[in-house]
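Chain naming follows the written order as A, B, C, D, E and F, and within any one chain the residues start at number 1.
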C-alpha cells in the first residue's frame, strides 16, 4: 500500500456565524471570523489516496486524472466563491475548516473509488497556521 | 544604508469590478475575481525601510516598533475585513494588489519617517503566484 | 473524528551535552551541537488535536483558545529562552528535539483535554531538515 | 515511541514509459512525463524513523549518522542522475514517485535497523503538488 | 510606477557541458551537472513587469493575460522538455540558469510591451539555493 | 549583467544588549532579545553577485566555488556558534541582523572579486518575518 498526495488551491470568502445569534454573540464565539462583511483565504487542499501500485503504470492513481477529478468536483465549486452562500455541499453548515474537510471528503470518496483507489485523507489548510484533516469514518481511526 | 524588511499577514475579502459595468463586462475584464459574492486571500505584506545603522542599537529601525506601527495603521484596517467596503484608504479605488501596495505606502510613509527611517518598498502578495511592489514616487525610480 | 493542527513558533538557544562527559566526548557524540557557548534555532511547533466536530460551532476546538493555551503554557516558557537552563519542563533532560516533543506533550495533554478535545500529536521542527513527532503513550501507537 | 524525520534532496532526470508501448500509447497513458528526451525534478525526500528515546543521548537516532546513511545509500545513487538508466534499485521498474518510495524503503530498512531504530515512512515529493509515501509492508498498515 | 510579479513553474532536464571538452574536462568545470545521462529540476520562474496603474482596471497588467503569455511563449517550450536539445531559444547556448534568464527575457520583452507594460526582471530559480536574475540591457542597470 | 544568488544556512545563538546598560535598560531597548542566557535562530543567508555571463561556461560565477567560499569564510565562523562571543568579524558590534549583513559583506566582497565577479547584495533572514539587506557602500545606492 502506498499513499499518494495531490495538492490543489482555492481562494474563497467565508464567515463564521450562526444566524440565530446576535452580532455580539457571534463575535464572542467566532471572533473576527464573524465579520458580517466576510473575509477570505487562500486555501490549500491535500488529497491523499491509498492503494496498491499498478505494475503496468507504476501508479497508485493517475495523478492527471486525480487532479482533474478534484478540480471538477471540488475546486470548481469553491474557487473564487463565497463558501457560505455559493457552495452546495456546505449549505446549512458552518463554514469551518473542519466542515470543509468533511464536505470535500463526501464529494470525493465515491468518485476516487471510481479511479480504482481509496480516499485516505482530506487536509484543508486555511492558513499556514491552521489546518484540519479528515480521514473518514474509519472504525479503527488512524 | 541597510534595508530592513518586516513581514506581516492579513486575511481579507475583496472583489474586482466597476459598478458602472454590467456583470458580463466585469466578468470579461476581471474574470472570476469579479464574483459579486466576493472571494478572499491570505495576503502577505513585506514592508522595507532603508537607513543608516544606529551605532547605539545596531538597528536601522526598531523592529518591534515597526511591526507595531504596521499592525496599528495597516493590518488593523485590513485583517478579516472586506477591502471594498470596510477599508478607508481603499475607498473609491479598485481593490487590486497594485492599489493595495500604493495605499499601504501612503498610510505608512509618514509614520515610518517618524521612526527615524525611510520607507523603501511595500510588497503585497495576494497569492504565492501574484505580487505587486511599490517603491514610491522616486525621481530616479529603483 | 477530525484532526486540527495549530502552528506556533519559538526561537531559543540550546546545547546538546552530558555534564559528566569531557568536551571531547561531547563533541564526538553530539557534534557541533555540543558547543559550550550555545547555538540556537527558530523552532516550529505543530500541535494536533483530535475530536468530534461540535455542531454548534463547526469546531473540533476553538483555535483562538487552543493557540492561547499553547502560548501560555509552552511558547512563553521557550521563546527567546535558553532551553537547557531556563525551561522548567526540560530540567535534567537532554535538550534534544525528541525530548522537547515529549515535554511539550506533557505540558499540553491535560489542559487540551480541558478544552473538550484530545491531544493527538506534538511535532517540533528544529530546522526544515530535522523534526520529531510524539503521539503520546498510545497502546496501539499510530 | 517518537518519530524522527530527516529531509534530504536530490535532482534527477526521469521518464515515464513502457518500452513495449508506442510513443502514442506512452503519451496517452503517461502524458508529457513520457517525453523521450527526458525531463527532471528537484525531489525532496523525508525519511522517518520510529523508536524509543535513548536516555543517554536524548535521541531516537543520531541524525548525523542517519543523514550520512541516507546520503551514502540513496542520495549518491540518485542525485544528478537519470533514474531510468543509472539507478540500480530502480532497474526494470517504472520511474514513478510511488516506485521510488518503495525502492528507497528497501535500500534503507535494513541499514536503519543497524542504527538501532526502525524505518517508519519514506516520503518522496516530486513537486510541491505531488508526493508518494510508503510505510512498508505492515500487517496493520498505518 | 508599480512592479507586478507573476510566478510560473516548469520541470525540465538539462546538462551543463561543452561538446568540445572531454568528459573529464566537463566534470572538472561543471561538476555533477555535466552527467551525460542528464539530470533535471523543478524550475520556478518569476516575471516582473513595471508600469503605471491603469485607473480603469487598477492593473499594471492583466495578470490573466500576462500568465497566458508566459505559458504560451515560455512554459510551453520548457515544461517536461530537455533544455539542451528541445528548446529553440537555448540552441547553441550552455543550459545554465543565467542563460535561461537571458533567453526568457528575449522571448518575453517584446510581447510584454504588447500588453502595454514593460518587462522589468526575469528571475529563474533552479533550486531553492540557486537563482539567476536578468534585468535587461539597461544603461543605468538596477 | 546578470545577478546570481546563492542561499546558505547557519544556526547560531546571540543576544542584543549593551554591556554598559542595566538589565532593565537592555530589556526596554532590545526586548526579549536581550535575555542574558541567549536565544538563537536558523539564519538564512542570500549572497548575490553580479557580472557578465562567461561565454565559455554560461556562468556569472561558478556556484560550487561561490558556495565553497561562503562556507569557508562565513558559515564556518557562524554555524552552531555564539555570535556575540565566538565570531571574529562581529567582535565589538551589536549582534543585530543589520550588522551581520554588513559584517558578512566585508568578509566576502574581496574574495568574491577574486572569483572574477562582484558582490551585489548580502541578505540575512533572522526569521521568515525579519530580514536585513546590505548592498555595500555604493555612491548611487540601489
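Some notes on this structure:
The criterion applied here is as follows: contacts are C-beta pairs under 8 Å (C-beta built on N, C-alpha and C of every residue); 3 or more make two chains touch, one makes a residue touch a chain.
Just so it is clear, the model here is predicted, and its values are computed rather than measured.
Within the contact network of the assembly, the step distance from chain C to chain E comes to 2.
Looking at chain C and chain D, the chains that touch each of them are A. Looking at the partners of chain D and chain E together, they share no chain. When chain centres are set by their Cα atoms, the one at the greatest distance from chain A is F.
In summary, the pair chain A and chain B forms a contact in which both copies contribute largely the same residue numbers, shared numbers making up over half of all those used. Matched by residue number, over half of the contacts between the chains of C-D recur in the interface of E-F, chosen from E-F, A-B or D-E. In terms of C-beta pairs in contact, the better-connected of the chain pairs E-F and C-F is C-F. Farthest chain from chain E, judged by C-alpha centroids: C. Measuring from the averaged C-alpha position of chain A to that of chain C gives a distance of 28 Å.
Measuring from the averaged C-alpha position of chain A to that of chain E gives a distance of 34 Å. Multi-chain contact residues of chain D (touching two or more other chains): 128, 142.
Across the assembly, chains come into contact as A-B, A-C, A-D, B-E, B-F, C-D, C-F, D-E, E-F.
The touching residues of chain E, when paired with chain F in their complex, are 16, 18, 29-31, 93-99, 101-102, 128-135, 141-142. The residues of chain F lying in touch with chain C in their complex are 9, 11-14, 32-33, 35, 37-42, 79-82, 85-86, 127-128. Across the complex, chain D meets chain C through its residues 1-8, 53, 56-60, 63-64, 67, 142.
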